[in-house]
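Labels run A, B, C, D and E following the written order; every chain starts at residue 1.
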Amino acid sequence: MDMTFAPDPLALLVIGALGLIVVGAAGLAFGRHLFRLVLALGLAEAGANLLLVIAGYRWDAVAPILTGSAPAAMVDPVPQALVLTAIVIGVGVQALAVALLVRVKLAYGTLDLAELKALVERDIRAAAGIGEPDSAQAPATLPGPAGLIGERP
Amino acid sequence: MTPLDTLYLASAATLAAMLVLGDWRRAGVLATLMYGVQLALLFTMQRTGSTSFDLSALGFELSWRFDALSWFFAVVTLGTAFFASWYGAGEWLRAYTGRRRLFQSALAANVFAMLLLLGSGDLLTLFVGWEATSWAGFLLMALAGGLARDAALRYLVYAMAGAMALLGALVVLFQAGGSFSYEAARATLAAMAPGPLWALIILFGLGFGAKLALLPLHLWQAAAYSETPAPGSVFLGGVVGRMGLFALALVLVGLIGIPHLQALAVPFTFLTAQDVVAWVAALTVVLPTYTALKQNDARYLLAWHGIGQGGYMLLGLIVGSALGSAGGLLHVINYAATQATLLMVVFGVRHRVGHTDLNRLGGLVARMPLSFLALLLGIISLAGLPPMSGFVSKWMVYSSLIQDGRPFLFLAAIVGTLGTILSVYKLIHNLFLGQLRAEHEQLNEAPLSMLIPMLATATLAFVTGVAPGLVLGWVADAQAAIGLPVIDYTLGGIASPRASLDMLWVVGVMFAGFGVGALLFYGAGGKTHRVHQLDNYAGGHFLDAGMRYHYSDNFYAGLMHLIGGWYRGSFHWLEGAIGSGLSLVAQGAGGWYRAINPAFYLLAASVALIAWVAL
Amino acid sequence: MNVASLLVELVLMPLVAFVVGLAMVLMMRRIAARLQRRVGPPFFQPLFDIVKLYGKHTQTSHGLVHDLGIVMAVGGYIAAETMLPVPGMTGIADKGGLVVLAYVMMVPSLGLALGVGQCANPNGSIGISRALTAMLAYDVPFIIVIFGVAFHFGSSNLITIAAAQQAAGIAGWGVSQMPLLALAGLFALHGMLGKQPFEIYVAPAEIATGPMVEMSGKHMGGLFVMQCFQLYTAAVLYVTLFLGGGENWLSFLAKSFAVLAVPVSLAYLFPRYRTEDLVRLMWKWPTMIGLLGLAFLMH
Amino acid sequence: MHRIATLLFALGLGVLLLGLAAQLPLGATPMAIGNEILARAPGEIGAANIVTSVVLAYRGIDTLGELAILFAAATAAGLVLGHAGSRSRNGEAGFILRTGSDLLFPLLLTVGFYIVLHGHLTPGGGFQGGVVLAAAFFASFLARPSHRPGHGVISLIEGLAGAAFIGIGLAALAGGGAFLQPLLDRGMLGELVSAGSLPLLYLAVGLKVGAELAGLLAQLAE
Amino acid sequence: MNALVLPVVLPLLTAFLLQPAGRLSAALARWAGPAVLLVCAGLLVQIALLTGGEPVTAAIGGFAPPVGIVFYADALALLMAIAVPVSALLLWPRAEAGEAGVRQSALMLLLVGSGTGMALSGDLFNLYVFYELLTVASFGLASATGTGRAYVATVRYVLVSGFGSLIALAGIALLYAQTGSLNLAQLADLAPERLANPLGLAAFACLLIGFGVKAELFPVNNWVPDLYACAGKPISALLAGVVSKLAVLVLLRLTVLVFDSPEAREMLMVLGLAGLVTGELAAWRARDLPRLLAYSSIGQLGLLFVALSLPGPAGLAAALAVALHHLLVKPALFMLAERWHGSLDKLAGAGRASPLAAGLFTLFALSLVGVPPLPGFWAKLLVLLELARGAGPFDLTALALVLAVTVVEAHYLFRLVGILYSPGEFRDRHSPRALAVAGLGGAVLVAAMLTLPAVSDALAGLASQAADTAAYRTLTLGGGL
């Protein structure tokens, strides 16, 4: 581990990456609106990607492209390839998420979580044929007639 | 092909026959015959035992064999099944509106499963048999639907809790000893430290106690047994719960051993494991008996007594002396005959009347005298009065408690008996004595197909009461099989210097006394004027025959006024509390799964995880 | 012992019991009369009562079970007498014992209960309910006493118990060895007899509200016989357990009568107990005394 | 309450993560595979851009998976939005936008293809180029919503491009090699026609990504 | 064995070409998918027959591992790989007309390709890619019912999955930063010196969370109930059945090969227990059948994770027994749920309406609860025995919890059985295919019970092979082709 006292650019990058993750996670937790959640997720994902790139970084090395000149020490090409893949994956997922949000908005007219929750719960219950909306109770114990239970005074 | 193989084959054949032919008009007769055949096969088998097949699965050996203990319980099982099936073979079956094939198959499955359990040759087979019995019992209890289904479900919870406790004990024992065989288990248990041994005893106790309906695992039994169709109820009430006793005898007595239990102390007290078990048994005698006193349905009343009587068996067994354990085991067979008789009568009444509500019956002795006789014999036996068999086994338990110097257990046992006397009197009084209700005036005696078995079992209970030596031989062999001291018996009972009993003489003298009494009554004195039952006066005032009253509701009002407040359903409270607690946790769990944005929890979980990792 | 002499004993023992029981009934009535400053009945009055009751036309019989109840009540006690050793006769006491006797003594109660139940008179049923409750009350101290005695003498065989006391003399009697239990036993015994002040469940003075409501003629006569036996059984049992049994007839009878006379005389000082009060009383004092006695006995 | 807890948790997460990250051997990656690839790739693959070697050769099947993911996302989005029924957009964009997009379209197309084709030489490649291509089509679509390319064309391009990628892989397999084993001559390092089948693969990737993204965007825009 | 790659790429190829093909012929688009799956299954079976269960590898692109990506097929991997196309064939979604149907078919094919890849791949990042592909494909399939609630459920699924995959990515980054490798075999080599530290454990935790999303692992399984309730039942069956097992397989490989430390196992056990308890308790209170099944699925997978945390081949055998049992039973139950949609209370009479379905349900319920001699019992017994062997406080707590939760499980399952058989007017949806699939599951279950000794031997073989890390490493890194 490098022990220089000067502000270490790599350390800053790490802090940035972690910060992105943390901010994304906090955004997810704070979010009251679905679209913001998707954005927060993208933010956090960017952080993770950054972390992955950093994982392949070496001191005093160049990008892994052969330029004909004497090959200097190069950084690890693998994480870069991985990140390339990961980014594209992220794009795909985000696009799909947005598509889904469009549908949700069409179906319920809102993307607010609290409202959605109530609407969806009612919807599911209605579809399943369960009556009263907020008694999620299953009969935990036997409903016994008085004669069945001997000991009640 | 060993005799045991033949027995299993016959039992399986019965099940198969019922699965195929269960809807046939005469299926009941066929089943009865086949149970009879099994019983005959059992009697031709050597009492000391027989082996059967072995299996191997996942590297475990499973084996089945009979010893004298199994044989003894098998006799009770098949005997009860025989009479229960007979009871249900005739008119009862014709009137039965449920699914007959299902019912007959369920009964046969129960018998088969119980025979498998009784024949278990190692702990794994024991568990397999145990589960088979539990689930067959569940089927039998649930098949009537409605209330029966709810009760069966409750049973299932207890039975599964028990089975899981058992399974836990088994796997722990397996890892400690490396094998499921009884020998290995015996050796492991003998060398085990007190802590784990206690844990195992508790687990086994929970496991087997659930079926025996030991306190506090007894709440399920009354309803589950009562709501089953008549022959099933007779069978369940007569014998099924006793499988718990069998298993406890096998494990607590046979594998751990009474001396070991006596040596195992409860920390910080002067009690031993034996005392604890004995006290559980004693409480099981007392509390359910007094609960029975409060019942207003004949079936429930009897079922609650069934719980209490199980306590006597365990109490006798755990005392561990020759006399006590013989009493406990003997009570199994005595009780089976007794309870079968009583339930048959009660269901006979139900067959005729349509219900068994103790507050809406009375005076049936005029219409159903033979049923009355059977019930009379039954309640005398259940209450443990001479000359019936129930007395003999209870006497042995009492005597052993005296000899062992256990005053409080003795007190508990007798207080239980007193309660039984009170409540069985209520039973016979409210059913058969007092005023006959107008709507029952045209009632007929129970049909013959039901009368014969009930009188037969009553006779059995009487004969084994007069000559307990007839069955004490079986008991003695069973004692030997699980390493208990063996009782020294005679045909009439026990001959030992400290406590002797010769029922032949006692009963002889009793009947002579009755004879003299009868002579005095009928032979001497003036004429007797037979009046109509309702020709009554009270305080010089004629009681109008048009206005019926039978003192039946809240029969022991005075007593209940006094002691009714002492027991307020704390066990129900406990059960309910556990259910509610679980419900609360479950609600929490459900809430977590319904949270539409789980990110907050995820965040919290991540922090927890990473903190765990980093620290 | 040969069978012939045993049979003779079996016949004699109930007879003796009946005669002594008659005398006991007489004694009780005399004591009661003296305490109430009356003269009391003549010597043969109990016998006359029985003859009268049996001889009368029985107005009401509610059928077989009704009659059977009386038969069981009388027959049960006859059987019980053969299990109580008296001087010179042991009957089948070696084949039963204390516990058996205690349970045989419940048979008459059951018989009575059945008979009354059959009468279809609600007052009778209420009476039985009371009687059974009372049984529950006095049997608790009684059990403790039985246990203590059987434990102390190491046997539940009455012959052994009596012999052990006689061998040791008065110091070895139950009453000197276990005074507290003896006291509790006296309570229990008294409750069992259904005499003042615990007579509410029999309700002899207000027949119409008790078990006897439908009993007349022979039924009542049977019950009278039963009462003779009951007094005898209780007294003799107590003597056998605590007072050394019967070495000879003289001391035996003296002790038996004394067992009845002393508490009865005292009991008249108390007012009647209601059923519930009876239960409370029995479960409190005699039970506590008995348990205390047991504690001393066992350690 | 909830918010405060969230904040605390987030802070805790950050602190804990930092604590963990401090232990990472940053800047001194072990490069167990990396070194070997750096050493072998020029000779084995013949692509100047070693990342491209990794993407298309050493980890070619990852790339296939990635294409499949894009395809899956597009298909799923199509499935999701297909139910909605298309709402016709009203009117065309303004003159400036139309003209601008017309001007941009060939430019973007050229740049896109350049990036795609030089993927094995310089930073860039099928993904980056594909995005540019998609942008070209999307820009024209924004300008003239009515003149959108049909679903059929897009799906044909994406299907064929994907199939081509797999086909190249299978061709190697059929030839007795392994799936996605490099075919064709490696050529001279740094030349356009070099690195064997890599440029072809990248072309397939570029077309597929372009079609995929164009389709996705078009669907979302509807 | 380069042909190993075919069952992965053929479905992908078909998926790519399905839409253009659909324009040519509707029938082609409709039948191409199942046909390809059949081919894939046949191929895999043939590979299994050729190798006879011995592990083989395939280096993709001809690059020897660890540089290239390697496919590793031992008996377990092949079994899971075969399970994917077979399950997909049995649970192929109802054919929808037009473009939507073609798209659904394409997604199914993608799911199968990626699933097979997950079963076979021996490279961590490649696993991640396939995992993501599978996830995205399942998004589409799950929302295909087109109801609003299905979209919302899918969105939640997307969010949790997204969270999971970013965590997994971070985990891969952590892992890579320490070892510089992604090949499982090489990671196994490097693990003792590089990963036996908090960072390594952190990487494991991250991967656990990441791959745990599909495996319904505790903190990331929040999406499960609503999705299963709202998605088509065949899709639910597929996700709960084979897909979750694939994720488990990945975790199994990671645990066995790379993170074979007590701390990692402890973590797995705790999370498993949390899932077990919360799942079963939630199922206890569930009021409609799909959610009940979903919750119980969570619970059983919790049990699976508990089993997975047990060391040694015996522990692995227990885990595999639980996994295979669940793989068999849960899809069958979901297929039954297709006939019995809706509130539990309204199912009264279903037993009379279709006795076979109710009988099958009872059979599965018995097996799930663990009634001997059904396979479920033996699976549970193995787990319990291994827990008892461990005998540490964690193990014993787990033992007690597993046992206690079984009681709850029995209660809710048989409460439902009771409802099924009580009188009522229930009319079930006619769905012969659902019944056939469930019947098949039941038949296999019974067959397994009857051939228990053989099955148990096979299971032990699978487990010991899967637990043999040395063989894995030699075969993969020794350049065996």
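Assume a contact is a pair of C-beta atoms (placed from the backbone, for glycine too) under 8 Å apart; a residue touches a chain by one contact, two chains touch by 3 or more.
None of the values given here were measured: they were computed from a predicted structure.
**Q** Taking contact as defined at the start, I'd like the list of chains shared as neighbours by chain C and chain D.
**A** Intersection of chain C and chain D contact lists gives B.
**Q** Would you indicate which pair of chains has the most C-beta pairs in contact?
**A** If you count contacting C-beta pairs, the leading pair is B-C.
**Q** Hey, which chain ends up farthest from chain D, C-alpha centres compared?
**A** The most remote chain is C.
**Q** Please find which chain has its CA centre nearest to the centre of all protein CA atoms in view.
**A** Nearest to the common C-alpha centre lies chain B.
**Q** Report back the single chain whose CA centre is most distant from the CA centre of chain E.
**A** Of all chains, C has its centre farthest from that of chain E.
**Q** Averaged over CA atoms, how far is the centre of chain A from the centre of chain E? Could you give it in whole Å?
**A** 22
**Q** In whole angstrom, how far does the Cα centroid of chain A sit from the Cα centroid of chain C?
**A** Roughly 87 Å separates the two chain centres.
**Q** So the centre of each chain is just the mean of its C-alpha atoms; given that, what is the distance between chain A and chain D in Å?
**A** Spacing between the chain centres: roughly 22 Å.
**Q** With centres defined as the mean C-alpha position, give me the chain B-chain E separation in Å.
**A** Centre separation, chain B to chain E: 46 Å.
**Q** Two or more other chains in contact with one residue: find those residues in chain B.
**A** Residues 150, 153, 582-583, 586-587, 590, 594, 596-597, 599-600, 602-603, 606, 610, 613-614.
**Q** Give me the residues of chain E that touch two or more other chains.
**A** 125, 129, 132, 136, 139-140, 143, 151-152, 159, 163, 167, 174, 176-177, 180, 182, 198, 202, 226, 284-286, 415
**Q** Who touches whom among the chains?
**A** Touch list across chains, by label: A-B, A-D, A-E, B-C, B-D, B-E, D-E.
**Q** For a test of understanding, state which residues of chain B touch chain C in their complex under the given definition.
**A** 362-363, 365-366, 372, 376, 380, 383-386, 391, 395, 398-399, 401-402, 405, 407, 410-411, 414-415, 418-419, 421-422, 425, 428-429, 433-436, 492, 497-502, 505-506, 509-518, 520-522, 524-531, 533-540, 543, 549-552, 555-559, 561-562
**Q** Going by the contact rule set out above, which residues of chain D touch chain B in the complex?
**A** Chain D residues touching chain B: 2, 5-6, 9-10, 12-13, 16-17, 19-20.
**Q** Flag every residue of chain C that touches chain B in the complex, lowest number first.
**A** 10, 14, 53-63, 65, 67, 70-80, 82-83, 91-92, 94-97, 99-100, 103-104, 106-107, 110, 113-114, 117-123, 125-126, 128-130, 132-133, 135-136, 139-140, 143-144, 147-148, 150-151, 154-157, 160, 208-209, 213-214, 217-218, 221-222, 225, 275-276, 279-280, 291, 294, 298
**Q** Once bound in the complex, which stretches of chain A touch chain D?
**A** Going through chain A, the ones touching chain D are 1-2, 10-11, 14-15, 18-19, 21-23, 25-26, 29-30, 54-59, 63-68, 74, 76-78, 80-82, 84-85, 87-89, 91-93, 95-96, 98-100, 102-103, 106.
**Q** So in the complex, which bits of chain E are touching chain B?
**A** Listed in rising order, the residues are 152, 156, 159-160, 163, 167, 198, 201-202, 205, 209, 218-226, 267, 277-279, 281-282, 284-286, 295, 298, 366, 369, 371-373, 377-378, 381-382, 384-385, 387-389, 391, 399-400, 403-404, 406-408, 410-411, 414-415, 418, 421-423, 452-453, 456.
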